[in-house]
Structures are given as C-alpha cells and as structure tokens.
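Would you mind keeping the following structure in view while I ask a few things?
The chains carry the letters A, B, C, D, E, F and G, assigned in the order they are written, with residues numbered from 1 in each.
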Amino acid sequence: MSKSITYTQAIAELETIVSEIENASIGVDELSEKVKRAAELIRFCRNKLTSTEKEVNSILKSIEDENDE
Amino acid sequence: MISDSASIGQEGKRVFSLSEITASIERMFSKYYASPYWIRAELSKLNHYPQSGHCYPDLVERQEGKIKAQLRGVIWRDELFEIARKFEEVTREPFREGISIMFLAYVKFTSEYGLSLQIIDIEPLYTLGELAREKMETISRLKKEGIFNSNRLLELPLLPKRLAVISAQTSKGYSDLMITLENNPWGYRFNTRLFHALLQGDGAVDSIRKQLGIIRDNQEQFDAVLIIRGGGDEIGMACYDNYLLARDVACFPLPVITGIGHSTNETVVEMVAGINKITPTDVAHFLIGCFRSFSDRIKAAEQMLLPGVMVVLETNAARFNTLSGSLLNLVKNTLREESDLVEQQALVVREATNVAVFNHRIALSRYESGLTMRPAQILGSHRATLLEQQKMLGLTTRYLVSNQLKEIGTVDSRVKLLDPVGVLKRGFTITRLKGRGIAPGNLPDPGDLLETESASGKFISVVSEKKSI
Amino acid sequence: MSKSITYTQAIAELETIVSEIENASIGVDELSEKVKRAAELIRFCRNKLTSTEKEVNSILKSIEDENDE
Amino acid sequence: MSKSITYTQAIAELETIVSEIENASIGVDELSEKVKRAAELIRFCRNKLTSTEKEVNSILKSIEDENDE
Amino acid sequence: MSKSITYTQAIAELETIVSEIENASIGVDELSEKVKRAAELIRFCRNKLTSTEKEVNSILKSIEDENDE
Amino acid sequence: MSKSITYTQAIAELETIVSEIENASIGVDELSEKVKRAAELIRFCRNKLTSTEKEVNSILKSIEDENDE
Amino acid sequence: MSKSITYTQAIAELETIVSEIENASIGVDELSEKVKRAAELIRFCRNKLTSTEKEVNSILKSIEDENDE
C-alpha cells in the first residue's frame, strides 16, 4: 500500500469496499481480492490510529504534567 | 304851784318873774324827783371844763339815728374823777364821748342852769356790754357784707418794703418800729412814710380813716399799711371796733398790718387786718422776717445751685464715663469675638482639609482594594476555563481516537463476515470454472472441469449434467 | 435782664431754675446759661433787699404836702 | 467735629455708637472709624463738662464773693 | 490679595471656602489653592483685627490719658 | 503619564478601570496594562494627596505659627 | 507560534479546536497536529496567565509597598 494514502482515504476506500462486498454484486474472485484489500486498509487505519493515539496521549500527558508542575 | 307873790302885769294879766317860775319848777322837781334814778343814755358830748374840773355832758337817746330825747348832764369834779376811774378800770376805755352809759343821776332843776341830770355814779358793766354788743354788731355786719376776710386775703408782697405807717410821730410804738426796722443787722432797707393820726379815743376813727383815704389814693406807691400804736396805756381801744374804721381796713386795697399793742381782746380792726401783730416791735420783726425769708430763699437757691450743678455735671460725667468704659469693653469684646471666629475658621479649615484629604485617601484606597482583588479572580477564572478546555481536549481527542478504533473494528468484522474464508469454514465451498466463479456468462457445460475449494482443500470435479432451474 | 422783671418773678424764676437743675432736667448745654441767669437773678434779688426806692420817696413828698394841708 | 453739635447730641450719638457696637451691627471694617468718632465725642463731652464746670464755678464764686462783701 | 477687600468680605469668602471644604465640594486639585486662599484670608483678617485693635487701643488710650490729665 | 492630568481626571480614569476590571470586561491581554495604568494613577493620586497634604499642612502650620507669635 | 497572537485569540482558537474535535470535524490525519496546536495554545495561555499574574502581583505589591512606606 502506498505510503501516501491518508487515513481518510483509507477509510473511504474501506467503506467503498465494504459497500461493494455487501451488495453481492461482486464475484467470489473479486471478493477475496477486495477482502484482502479491506484487511490491508483496516490494518493501516488501525496502525494509524494507534500511532496517533500514542502521539496525542504523549502530547496531552506532557500538558497535563506541566499543569501539575 | 306858782307863788302868790307874783306881780300882776298890764291889762290885768298875771306876770311872773323868771325866777318865780324857776323857783316854782325847782320846788316841784325837788319834791317829785327827790331820789336819783338809773338812766341809760348815750354820752354824746362830754363838755369837760378843765379849769373847773366839772363836766357838762350832752346825753341823748337815738332811735334810728334821730334824736328821740336829749338832756344835759352835769358831773361835778369830784364825782367825775371817781366815775372816770371806775369806768376806765372796768371798760378799759376812757370816759369819753360817743359811748352808751348807765348812770345814777338826780334830775335837777336850778334856776341858774335849768334842767340837768346830776350824775353821781355809773355802772361801767353796762357800757362794757354795749361796747361788746357794738363790736359784735360790727363783726356780724362785716361778715354779712362779705368783706370780713377781704384784707386778709390780699397777698402781702414778698418784700413789704414801701410802708405807709399810720401812727403818731411821738408815740413809743412808732419809735420802736422805726428803730427795729432801721437797726436790722442785715441792712435791709425799708421806705416808710408816716401818716400822722390819733390812735385812740375820740377822733381816732376819723383821723385814721382820713389817712387811709390818702394812702388809698396813692396805693400804688406802697406795699402795705401799718397801723402802729403803742407805748401808752391800753385805754380807748374801742375805736378799733368801730364799724366804719373796720370796714375801711377790711376793704383796704393794700394789706394792713396792725401793731396796736394790747394784751386783752383782739379788736375788730385787728381781726380784719391782713396781718395782726401785737406790738410795733413785732410788726418790725415780722417785716424783717419777710425780708429774712426772702433772703433765705435766695440763699437756699444759691446753696442748692452749686450742689445741683455738681450733681448735673457729675451725673453727666458718670454717664459718659460709663459710656466710654463700656465702649472700651465692647470694642475689646467685639475684637475678641471676631478673633475667636477667625481662629475657629482656621481650625475648621484645618480639620475640614484633613477630613477632605482623608476622605480622598479612603476613596483612593477603595479603588486600590477594588483593583487588588479582581485581577487574581479574573486570572483564576481564565485559568479554570483553560483547564476545562484542556480537559475537553483530552476527552474529545481520546474519544475521537477510540471511536475510530471502534468503527474500524466494526468494519473489520463486517469484512470478516463477508470473507470467503469464513464461509468456507462453515462448510461452504467455492466452485470455479476456468478459474472464475460460476455466474451467468460463465456457466459450465457438462464436462467442464470444476475446481471446488473448501476449507479443507481443493477438489477437482467434472460436470456431468446440466439441469435447468 | 429785662428791667421790667419784678423781684417776685425773679425769685420764682430763680427757684424754677434751681429746681430744674436739681431735677436734672437741665442738660449740660443749657447749664452754664441757666447758672448765669440764676446768678443774675440772685444778684437782682439781693439788691432788692438792701436798695432804696428813690422814686417812691419823691412821690411821697407830694403826698406829704397834701397831708400837711 | 462740627462746632454746632450740642452736648446732648454728642451723648446721644455716643450712645448710638455704643449701642451699635453692642448689637454687633458695626463690622470690624467700620469699627475703627466709629471708635475714632466716639473718642471725638467723648473728648468733646469731657471738654464741654470741664469748661461748663469752670464757667459755672466762676459764676457761683462771683456770687459768693459778692455775698461776702 | 486685593487691598480693596473688606474684613466682612474676607470673612464671608472664608466661610464660603470652609463650607465648600466641609461639604467636600472641593476637589483635591483645588484644595491646596483654596486652603492657600483661606490662609491668606485668615492672615488678612488677623492683621485687620490686630491693626484695628492697636488703632482702637491707641484712640482709647489717648482719651484715658486726657482724662487723667 | 502626562503631567497635565488632574487628580479628578485621574480618579475618573481609575474608577473606569476599576469598574471595567470588576465587571470583568477586561481581557487578560489588557489586564496587566490596565493594572499598570491603575497603579500609575493610584501612585499619581497618592502623591498628589501627599503633596497636597504637605502643602496644606505647611500653609496651615504657618498660619498657626503666626497665631502663636 | 507567532508572537503576535493574543490570549483571547489563543483561547478562541483552542475552543475552536476543542469544538472541532468534539464535533469530529477533524480527521485522524489532522488530529495529532491539532492536538499539538491545542497544547501549544494551552501552554501559551497558561504562561500568559502566569506571567500576567506575576506582573499584576508585582505591580500591586509595589503599590502596596509604597502605601506602607
């Protein structure tokens, strides 16, 4: 997956995929492909979120810590 | 009664000689008037003959002024002396004309002197009564005429200086008067003029009245009339009870001052006179006394003048000293009060100024305290706001992230649900024709080789029959 | 002082002045004048006591003449 | 001070001034002037009294002297 | 201070100033000026009183001295 | 601060500032500035009061001293 | 962060960010960035408040100290 993809794009693509999958207009062959893609996207998003969470928590923690000083 | 010896006159008439007649009358009188009688009559004229010493008074009886009866009397020298003595002793009047008397007399007729009353004794008490009666008559008449007090009502000048003196120049009374007046130790000057008059007995009334008349005609020249008598005996005062004289005195236009010197009854003239003094010396003292009292009045005025003036001056001096004294005090008070006022104002300025400054300080400090409290509060509230924002930031951010995670999870499960792998695990298989799923356009014909994929592995099979649905 | 004043008037005026002064009804302004007048009156009255009335005597002369007639 | 003023007028004026000062109807501004005037009046009155006394005494002395003659 | 002011005017002005100060109607800016003026007026009044007293005393003294003569 | 400001103006401005601060219509950005200004004004007023008080006291003292002379 | 930003602006921006985060109008991609910005703003405001407090306190202290002098 290209690194240039954003979380938002990832989510958008994921939603498109999910929607396609759910419409049953997709063949089994594509389905597997799509699912694979979806899994990739999900993984990406999860990673993104996790990293963001870490980052944000770190920032907030630092502010809070300062606050207690 | 006529004697036989009377001769016969011519023509057969019987003619008597005068003596025959008088002798006859004499015999008759001696026969019928043998005893003396008490008779009352007025002694009209005394007819005293000093050489012989006898007296042949005219005796009358009047009725309403007219002679009713009159008869000659005779008093022999020896009887006269005794009668006069006795008369004067009782009546204090001389035996004189013009008085009523009661006498004892023989009715005598002598050939030589004719008819007469030979007076041998007298009852002076009768005369005394008569005089008293006359005096009473005079008084009541003057009173009746309303002039009794006239002279007494006249005002004597303060200084009876010009004096008409009715007196006798030779009298002791006149001399006493003049000596006393002239020898007064104060040098008072009297202007006296003597009007000579008889002052007692017969003729006194007329004499005095005549002089009064002269004085009355010159009344403006005199202050008063003095009737002065004195030095002699006190006989013959009855003239001063005479009505005419008393009337003249009472009506006299100038005050009459009497000094007719006696110690017994006051005469009518003395009663009606403006001022009556007993003796001429008394009169002189009285006159000097008038001067004295005038002089005393002058002296009194003089003596009162200086103290009076001093009182006026002292009173005024005291009054204005008081004024100038109170002026000083008032001015000092005024200045002190003003000064107090100014100093009070100065104090008030000080206090008020201090109060004003203090009040400004209070006001300022109010602002100051208003200033110190608030900024901390403001900053505190800002701090709170900021903290809230900070909290919100944390919450929302974390929520956002977790939400996304949840959503991803959902998507993940949905994807997993549709994942063929999952289906296969439940026993489903995927059949492919020529590598592609069975679908219109890619339907197998009998004989086609089908690849079946299951969870447990792939299976290759051949289509035997084709059935329509 | 008017010649026409009598000593009776004079003493009356004198006594009035004295009484006025005593009653303090005379002011300072008039005082001197009043005292002067009082002095005049005193003098006049005093003279009256010791003076002789010449004109009276001359008139008396004529009376005497009459009297002697 | 006008010569035409009398003792009585002077005393009256003096009393008026004293009364005015007493009633505080005279201000400080006028006070000096009023006191000056009062002093003049006092002097006038005093002189008047003294001169009157002298005059009166001289008159009374002259009467006494005459009396002793 | 104008010489033409009278004591009465001075007192009146002084009282006005005092009253103004008391009623706090005078601001701090004017206060000093007003107090200065009040002081001037007090001084003026005092001098006036002193001079008047001297004058008056001198006048009254002169009268008394005359009186003792 | 301009020298031409008066006590009254200073107080007015101070009042405005205090009122603004009290009504919390002042933001944090201006607060410091405003407080600084207010402090200046207070100082100004205080000095003014002190100097006025000194001046006034000196004036009043001088009057009192004169009085004691 | 630009120095020209004010406390008010900072708070406003902070509130906007918070609100955006709340409304989820901020994507995960920007979130970290935004939170970072918010933290900066918070820190800025906090410093501002602290410094202002110090400044104000110092000013007020100085006034009080002067007052006690």
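In the analysis below, contacts are C-beta pairs under 8 Å (C-beta built on N, C-alpha and C of every residue); 3 or more make two chains touch, one makes a residue touch a chain.
Bear in mind the structure is a predicted one, so any value in this text is a computation, not a measurement.
Although chain F and chain G carry the same sequence, what matters here is overlap: shared residue numbers make up under half of all numbers found at their interface. Ranked by C-beta contact pairs, the top interface belongs to chains B-C. Rotation angle for the C-alpha superposition of chain E on chain F: 15 degrees, rounded in steps of 5. Inter-chain spacing, taken between the CA centroids of chain C and chain D, is 34 Å. Put simply, the C-alpha centre of chain A and that of chain C have 163 angstrom between them.
Centre-to-centre, using mean CA coordinates, chain B is 111 Å away from chain G. In chain B, the residues that reach two or more other chains under the touch definition are 302, 305, 309, 313, 316, 324, 327, 331, 335, 338, 346, 349, 353, 357, 360, 368, 371, 375, 379, 382, 390, 393, 397, 401, 404. For chain G, the set of residues touching two or more other chains reads 7, 28, 31, 35, 39, 42, 46, 49, 52, 56, 60, 63, 67. Every pair of chains in contact is given here: A-B, A-G, B-C, B-D, B-E, B-F, B-G, C-D, D-E, E-F, F-G.
Those residues of chain B that touch chain F in the complex are listed here as 343, 346, 349-350, 353, 357, 360-361, 363-364, 367-368, 370-371, 374-375, 378-379, 381-382.
Per the touch definition, chain G reaches chain B in the complex via residues 7, 11, 14-15, 17-18, 21-22, 24, 26, 28, 31, 35, 38-39, 42, 45-46, 49, 52-53, 56-57, 60, 63-64, 67.
Interface residues of chain B, counted against chain A in their complex, comprise 387, 390, 393-394, 397-398, 401-402, 404-405, 408, 411-412, 414-415, 418-421, 430, 432, 435-437, 439. Only residues 6-8, 48-49, 52, 55-56, 59-60, 62-63, 66-67 of chain G touch chain F when the two sit together in their complex. Contacts from chain B toward chain C in the complex involve residues 157-159, 161-162, 186-189, 191, 193, 195-196, 211, 214, 218, 221, 291, 294-295, 297-298, 300-302, 304-305, 308-309, 311-313, 315-316.
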